[in-house]
Every structure is written in C-alpha cells, then in structure tokens.
Amino acid sequence: MLDFNSAKRSLFSYVLAGLAIVLMTFNLLLIFIVAPTDAVLGDIQRIFYIHVPIAVMSFLAFFVVCIGSIMYLIRRTSYWDRLAHSAAEVGVVFVTITLLTGVVWARPVWGVWWTWEPRLTTTLILWLIYVAYLMVRSYAPNRSQGSLYAAAIGIVGFVDVPIVYYSVQWWRSIHPAAVVGPLAESGSLEPIMRNILLVSLVAFVLVFVWLLQQKMAIQKASDLLISISHISDRTRV
Amino acid sequence: MSDMIGKGILVQGLCKSYGNKPVLWDLNLEVNWGEILVLFGANGAGKTTLLRILSTQARADSGTIQVAGYNAKRQHQNIRQNVGVVAHQSLMYEDMTARENLMFYAKMYRIDDIKLSVEEVLVRVGLESRADDRLRTLSHGMKKRLAIARATLHDPKVLILDEPEAGLDEVSTVNLGNLLYEWVQKGKAVLMTTHNIDIGTNWANRVAILSNGAINEIDSIKVEDIKRKLYGNSMRPDVNYD
Amino acid sequence: MLTMTNNFHVFAAILSKDILLDFRGRDIIFSVPIFGILLILLFNFALDVTPDMVDDLAPGILWVSFAFSGVLTMNRSFVREKEQGGLEGLLISPISRDIIFFGKAASNFLFMILVEFVLLLALAVMLGFLVTSWVLVLTIVLTTIGFATLGTLFSAIAVETRSREVMLPVLFFPLIIPILIGAVEVTSEVIGGTSGAVARWLPLIGIFDALFLIICPWLFSAIIQE
C-alpha cells in the first residue's frame, strides 16, 4: 500500500549530507592547497584527485545497477528497480564528468583531446551502455517493461565491461598510440599524494551514496503521488 | 471427463495495474466445467487484460488464479497446454499456409498425431479447401475460423475467446456456436467476450459484466437487463444499442 | 513430456519456420546481402582503397559490413513476429522460453552466416581479397555466434521500443566491441599480419560466447513477458 517512510527525509540522510559536505570541503582544501605541485605536469595534475575517484565511482555505480537489476528480475519489487534506476542516473553523471575531466587533462598533458588508451576507451563504452540503459527505460512502451528491459541491459553491460577493457588493452599493445603520455596514476605516487587521493575517494563515495539516496527518495515520492492520484479510480460507482 | 480438476476457471481477488493505474482490482470470477460464460463490458473496461492474464500472456499483480485446476503462478506451462486461445491478434504467420501454421502449432503443443489432428480441425471449421493457401490470401472471416482451429487443435480443457464471432458470416457464426455447444457437452469450459448481446445471450449458460475493474454477475440472461447494466440510465429507448 | 528430444523437436520447428519465412517473405533474403555489398562499395570509395592497401583495410571492412548486416537481419526477425502476433502465439504455447530464444538465435545465426559468405565473395571479387583458411571459418562462426546471442536478446527488447531501428545498434555495437576487435585481429593474422593473434583472440571470443550463451537465454525468459 502507501508507504511514506522511504520518501521522507530521515536522520540518516541529514547525517550523510553533513558528512559529505564536511569531508568534501576538507578534500577540496587538500587538493588545491595542501597537495604539492607536480614537478612534471604542474597544477593541471590536481584534476587527477577528482578524475580518479569519480572514475571509480562510475564503475561502482554500474556495479550497483547490475546488482539492482539481478535482484529486480528475481524479486520484482519496486525497491530494486528504483535502486538500479537511481544508480544509473547518478552513474551517468559521474561517467560524463570522468570523460570531461579526462579530456581536460589530456589536452595540456598529452597534447591531444582524446586517445584510445584502455581506461579512457572503456569509460566511453561504459558511458554508451549507461545511455542505452536510460534510453531503453524511456523508449519502452510502459514502465514495467522498461524496468525489465533495462535490467537486462544493466546485467549484460556490466558483465561485458571487463571484457571490453581487456580487449582494448590487448589491442593497444599491438597498436600503440602515437602519443604516449605519462600515465601518472600507475606511476610512483608520493605518500602525500596517495593519502589525498584516498581522502578524495572517501569523500566521493559519500557524495555518491547521498545522491543515490536522494534520487531514490524522489523516485519513491513521485511513485506515491501517482498512486494517490489513482485512488479515486478505484472507487466503485 | 474424469480428469477435470478444480473448476474451469477460478479467480479470487485479482489485481492488475498498468504502471500506477489500476485496471482490475478485487476481481472474482468462476467458470464451471461444462459451462459457457459470456463476458460483456464496455471498451477499455479491461476484458482483454483479464483474458490475457488467464491465458498467461500477462501476469497479475496479486490474487489467486486457477485455470483448468492449475495455479497460474506456479504451473503456467500446464495451463498453456490445457487452454485454447482466440485473441485479437491472429497469432499466425501470413506467409505460411493454413496447414503449415497448424502443423507448426501442433509441434508447439507436442501433439502426437499431427497430421490427423490438423486435418480434423480443418474440417471442423470448414477450411479444408483453402488449407494450402497462404494466410495473406484468406479473408478476415477465414483467418478467424483458422484461429478457432488453432485454439482447439490440442484439445484443451478450457477455451478463452476474445470476440471470436466478430467478422464471421452467418454460417460460420452458427458453426462456431455449435462447436462451443459440443465443447461444453464434453464437460469442458468456455470463457468468451463479445460486444454482440444477442449472440452472447444465446450462447451463454451464464453472463457477466466487467465494469469498474471487477465482475458483476447477472441473474437473468435477458437482453434488456444486460443492456441496462451496460449502458445505465443514459439509454434512450429509440436507439438500437447493438 | 519435456524430454530432451521433445525440446529439440520444438527448437527445430521454430528454426525451420523462421528459415521458411525468411525465404518466403523475400524481404531480408535480398535486401540484407545487397546492403552489405553497398557498404563494401562505400568503403572502397570512402577509404580510397588501392591494391596495396587491401590487406590492411579488408579485415576491418569485412567485419564492419558483417556487423551492420547482422543488425539488419536481427531487427527484421522480431519485427515480423511482432507484426503478425507470432511471438504472442509462441509465448502462450507450453514451451520453455529458452527454446524460443535458441530457435530465434539459431535462425539469426544461420542467416548471418549466409550473408557473410556472400559478402566474402563480394570482397574477393571487388577488392581481390581472397582467403581460404579454416581458422578464418572458425573465427567467423565463433564471432557470429556472439553476434547472434547478444543480438537476439537486444532485438527482442528493441522491437518493443519506439525508435526501434536505432535502438538495436545502440545496444549492440558497444557490447560486441571485444569480439569485433578479436575477429579483425585474427583475420589480419590469417592474411599474413602479426602472429600470435589467433592464440590470443580466439579463446577470448570463445569465452565471450560461452558466457553470453548462458546469460542471454535466462535474461530473455525473465524479460519477455510482463
């Protein structure tokens, strides 16, 4: 029936928001003030502290989409559907930011806007799969079919992404890029850089969880509203 | 027939919504063995939805549904084996002949003697002469008759028919009526929807109306009573509502 | 009742019905190979293919043509079912959804192989690209299995959405990139390119196929009906 609880603001969401704000502020301070300027790349390197956690978050989001999709297909409750949908919406934002920050970094550092290196390429494909997921939801003839079809995409897509990554990596080893830039992430990281990166990661995890929870609450509220509007339909003349 | 379990159709508390819009709720329905139940209802009342749920084409949100004694949630394959369906769509392939279509479905229903069953059913609906013509070339009425043939091919215990008489000529309509009558004489069950009140009341053992998401049964099978229930007080005596 | 041979008969019936309709319908039997040949033609002009470039470009041209023709094939198959109500008819029959999936995937697979054979001939004639190799045949078979498996699932979804012509490519292409890369690399090696490609990519394609041959039928059963 009508369950209003999960649509309300709860103590949990306030605490979460508070923590996220505090930690993110601290994080930004660390990134822009405390972190040392990279000897080779200069200040532009700081984008790395944002790019990497957000990239990790986009993959995490897709993992949540996959779990939600599997559970939805098994249990068919709207909670799992909402979880998958919300994670996909938040995830697509994160992937877009990943791609944009990647491009912004690539230009000054490598001299090109884009390169077909495995991580970037896989991220692009991930973006395409997210977009297909959301497209299927909105182009389906009705909501429940849309949820089912999207669940299939969420599962198949998630299974495929690692395969895509490895195949691009192998392909890349045969066709190396014209520009080989310093891929700082896998190189040597000074301890302080690593620590800031970790802080940033935690901050973004909090932001992700908060966004996810907000989106789910909004979705739930919207569903409730529609249910209420149909109550009058059920009265018998 | 001794192997009939339960009732032909038994529905209790069925609810179905599309998205958040409820279509059927708290719906109860019974069709006994050896009985034809004719269901009337205005367009959009949910008749097709109900039939689709009973034929396992769609799933109900909640409620107990038994068809031919089998539970719709757990034994849907059993239901499918024992139900014959005539739906709005033709369910058959335009580029294949009548005989090819029936033979294909005979394999789907795992019938033992395919040739025999197909010939029998073609004769029963009077299509032997056109059996090797492609469906494209058949008239609408003939396609309807073929649909009825398809529905009865595997000798199901329950027939679920959505406006089966629509588009049929006089002779074919009478044939269909006879077929249904013979069907229930053998102890089987039929659920049928129609907009034709005369035919519906003639053929029915019992009559029901689907409105406001649930079933109302009617005591008499008088045509005037049914018209009044369907169209309410807005009926005008001088207009023919058929 | 639900014995192995019984299931096989149902599968065979669905497969032969689809093949029969493909030939009788006369829609995809002509249009898809012609489309594929047109693609090769376009590539020839757009890439300005000269005889010395053929070996470099042909594998890519081949597999892109295969992929696009495959999409056309699979789209048509489910559109026909939907238009004539065939799929509903199958769904209310007492057969398992897995068999429906395999029947459709098998018919898609066979048709794609046929088209690919025609396109190989076309490529041989138009660009002088002639390869006879069992490894290539194996690659084509394995990769087409991958195409058919994912493509059948996605076309069942796409046919129900609006903008269905676009929906299938949008779903299909990103996900088949691994086997597309593999197929192109193996094809390159077969005509004398870098070595080691076969040993590396064929297992990848095989694993891809095995994985999705398990997942896709299950997903199909789960989503095909409300």
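The chains carry the letters A, B and C, assigned in the order they are written, with residues numbered from 1 in each.
One rule holds in what follows: a contact is a pair of C-beta atoms (placed from the backbone, for glycine too) under 8 Å apart; a residue touches a chain by one contact, two chains touch by 3 or more.
If you're wondering where the values come from, they're calculated on a predicted model, not measured in any experiment.
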item	value
Innermost chain, where centres are averages of C-alpha coordinates	C
Chain separated most widely from chain C, comparing mean CA positions	B
B-C or A-B - the one linked by more C-beta pairs in contact	B-C
Centroid distance [mean C-alpha coordinates] between chain C and chain A, Å	32
Rounded Å distance between chain A and chain B, as computed from the means of their C-alpha atoms	49
Inter-centroid spacing, chain C versus chain B (mean Cα positions, whole Å)	39
Per-residue multi-chain contacts in chain A, two or more chains	144
Sites on chain C at which at least two other chains make contact	226
Chain B - residues contacting chain C, complex	55-59, 77-78, 80-81, 83, 85, 87, 89-96, 100, 104-105, 107-110, 150
Residue ranges of chain C in contact with chain A within the complex	150, 153, 157, 160-163, 167, 170-171, 174-175, 177-179, 181-182, 185, 194, 197, 200-201, 204, 207-208, 211-212, 215-216, 219, 222-223, 226
Touching residues (chain side chain A, partner chain C) in the complex	73, 125, 128-129, 131-132, 135-136, 139-141, 144-145, 148-149, 151-153, 155-157, 159-160, 163-164, 166-168, 170-171, 174
Interface residues, chain A side, partner chain B - complex	142-144, 223, 226-227, 229-230, 233-234, 236-237
Touching residues (chain side chain B, partner chain A) in the complex	17-22, 25, 212-214
